[in-house]
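There are structures below to look over.
You will see chain A twice below: alongside chain B first, and alongside chain C after that.
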Partner chain A sequence: MECVFGLVGNDFAVVAADTSAVHSILVHKSNEDKIMVLDSHKLIAASGESGDRVQFTEYIQKNVALYQFRNGIPLTTAAAANFTRGELATALRKNPYSVNILLAGYDKETGPSLYYIDYIATLHKVDKGAFGYGSYFSLAMMDRHFHSGMTVKEAIDLVDKCIMEIRSRLVVAPPNFVIKIVDKDGAREYAWRESVKDAAVA
Partner chain B sequence: MSIFEYNGSALVAMVGKNCFAIASDRRLGVQLQTIATDFQRISKIHDRLFLGLSGLATDAQTLYQRLVFRHKLYQLREERDMKPETFANLVSAILYEKRFGPYFCQPVIAGLGDEDKPFICTMDSIGAKELAKDFVVAGTASESLYGACESMFKEDMEPEELFETVSQALLSSVDRDCLSGWGGHVYVVTPTEVKERILKGRMD
Partner chain C sequence: MARYDRAITVFSPDGHLFQVEYALEAVRKGNAAVGVRGTDIVVLGVEKKSAAKLQDSRSVRKIVNLDDHIALACAGLKADARVLINRARIECQSHRLTVEDPVTVEYITRYIAGLQQKYTQSGGVRPFGLSTLIVGFDPYSGVPSLYQTDPSGTFSAWKANATGRNSNSIREFLEKNYKETSGQETVKLAIRALLEVVESGGKNIEVAVMTKEGLRQLDEAEIDAIAAEIEAEKEATEAAKKAPPKEK
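Up next, the complex of A and B:
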């Protein structure tokens, strides 16, 4: 089952997601990147139905880019989160998207922020959030070790603790994770945590 | 599990002497899991009108945005704030529009009307208004809240005593409901000021 979680540090936000693409009992690939770079200072970590996930996040990404082209300035993280919620809410009673989203961003004026957006368009600004079966473990670890104003090292330590917990306690635990970070220098990939490498194509 | 119990909520509004109090819990959950303990269920429409929305959080957020939009339009056209009675009618109409595909929310409306007379009402998810002279309740903890409010309520309480009564009623009721709690948010509104307080209760 898909695991996505994230937290806010002193001047950055970090999100981690598993990287398995699964259909029923088959693992198609174990290096699927589920954290999309929305724009220079925003990350969108999505979990749920794979078709909806890719389609919806790309739709949001293109609309965020369009806003920047039209208006010359980028959207704030709060605005992007509310736009995403609006799209999910409009589609909810027509053809709903089954995508859960953690939107992490950094704004010069307000600093780092993390938004929890449910598949039924419940929006809430949080310091730590998680989706999926892994959330039972990662939220518990974060409740224990999180404090506000963590440094990058402390936050990555906590992310690693969560990944260890998921790997050891979740029955169909995903083997690999990707960690991405967003701070004043932008949104970027931080690390992969792989315990199973895909076989190289011959 | 019922869709009204998906996120968990508790709301109460009570009338005092030329004042009213509206209070809510602070939990946002997804069935058994708690997502946040600082969720705002009560919003200010204007200085003398507050709206609390219990039930499904996504519909509460959508409904709140629609109502703020309608109220802002009203302010532009009428050049004044909406009376609580008028606002209650608006909420009721908007809910009934979706009669066969409703918003899964139960609103609680509390305001000061003409001559600073307090007004409270609640309605079901399709807009059936329930006016009351003493208190109204909504949410997953509503049954406990009915009991607590009925026994603790007195007519014509001053703001300080009203705050104590509403707080005790809320905290004791959410303690019997696993889906609501994690503190409380209480607004006590008089003609001259709005006092917002956060309660610390059992954090479970």
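Up next, the complex of A and C:
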């Protein structure tokens, strides 16, 4: 029931992910941040087994940092995506990770980009992508309303439309979402869309 | 004594490990490096031997960062340094991965010193021919630190230290002139110490400054400016020394 989706705009990329951590019929928490900041200009939105998700994305994050110290310059988004895919592929026929990833990044030379990496190490460079049951709805909405070179406002409107669709049409829809954006100024949190505050807070 | 210096794993009768001592000799031949700790800043300075005309000097970085908050300078065999620095960088990330915390300066120093020691107690290998100066800020306490390691694998913390060529003269100067400083004063002290043994000018020294915000390499112009300031101050004190007797 985890929903992750994203799209590329005119000079930015945006990803949204649900924030529920679920175990069988129990919701552990509904403010789990599944979009990791990989480095200053990359975001990794991951869904899947929560143990694998955290383990794998942290491992990628530390290796990306190591590359930067060794070589004095950061990895490009394409390089990071290919490295990630390579790690998934190597583990696949021994000890596979059950993690689906949308990697969004901004490079000075090539602008924003989004990479679709699924748990069996498929890699596609895409303008819009989605994982999970929510993808049936968010992909359809994005197919209808997406056009290349969208502004931030247009993109966030589309993201909200997708969230609306998921909330109304998916049977056990996650209540809360987090939206993060990456552009020339870096990767950062954009907004939360909460319809249910965590019980402890209330 | 010649019989006891072939292999690292052999003690001499009077308790020396000759290979380690020879490694220290290699360090003494390396370029001068100095480190000075201030209250809110740590400064590293390294002597730059005049670059060959055709060499791209940007590819020869003597002060490197191991992590966002840790930097290292060394004296001795640079190729050995590459290996140690690579292992240290991996350890910094590995530590972050396993305990979700950046390393402390003491931890990574202990790690590097441990590596250096391992190679003094193995068959068929030789010690690393370098001493390192490691600087940084501890992640949560924000305390600045300066540590030194050597080929034997010993390490300790310092307020200011030097290694490499003429390190004794630089250390003497530092012992005479060290006081708790901060910010630009610390930078000046480090450059003054290095200029005791190195020809003046931004071309001949590389200086980097570590603050809570991270590592910053000073560019040639900045170093030249500070060196000029130091020269001016020296001349002023010289003139002041000469003036009073004349007035009498």
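Keep in mind that, in the parts below, the second predicted complex is superposed on the first by the 199 of 202 C-alpha atoms of A that agree within 3 Å, B and C clash if a C-alpha of one lies under 4 Å from a C-alpha of the other, contacts with A are read in each partner's own complex, and residues count from 1 in each chain.
As a convention for this text, a residue touches a chain if its C-beta (ideal position, glycine included) is under 8 Å from a C-beta of that chain, and two chains touch if they have at least 3 such contacts.
As the structure is a prediction and not an experimental result, all values here were calculated from the model.
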| item | value |
| --- | --- |
| Superposition on chain A - do chain B and chain C clash or fit | fit |
| Which superposed partner A:A191 touches (first chain B, second chain C, both, neither) | neither |
| Partner chain in contact with A:R70 - chain B first, chain C second, else both or neither | second |
| Contacts of A:V152 with chain B and chain C, given as first, second, both or neither | neither |
| Residue contacts with chain A in the superposition, chain B compared against chain C | B |
| Inter-centroid angle chain B-chain A-chain C after superposition on A [Cα, multiple of 10°] | 100 |
| Touched partner set for A:T122, first chain B, second chain C, both or neither | first |
| Partner chain in contact with A:V54 - chain B first, chain C second, else both or neither | neither |
| Superposition-derived minimum Cα distance between chain C and chain B (Å) | 26 |
| Residues on chain B engaged by chain A in the complex (per definition of touch) | 7, 28, 30, 33, 35-36, 39, 56-58, 61-62, 101 |
| Contact footprint of chain C on chain A as seen in their complex | 58-59, 62-63, 65-66, 69-70, 72 |
| For the chain A and chain B complex, residues of the former touching the latter | 85, 89, 92-93, 116, 118, 120-124, 126, 129, 135-136, 139 |
| Chain C residues touching chain A - in the complex, by the definition given at the top | 61, 65-67, 86, 89-90, 92-94, 96-97 |
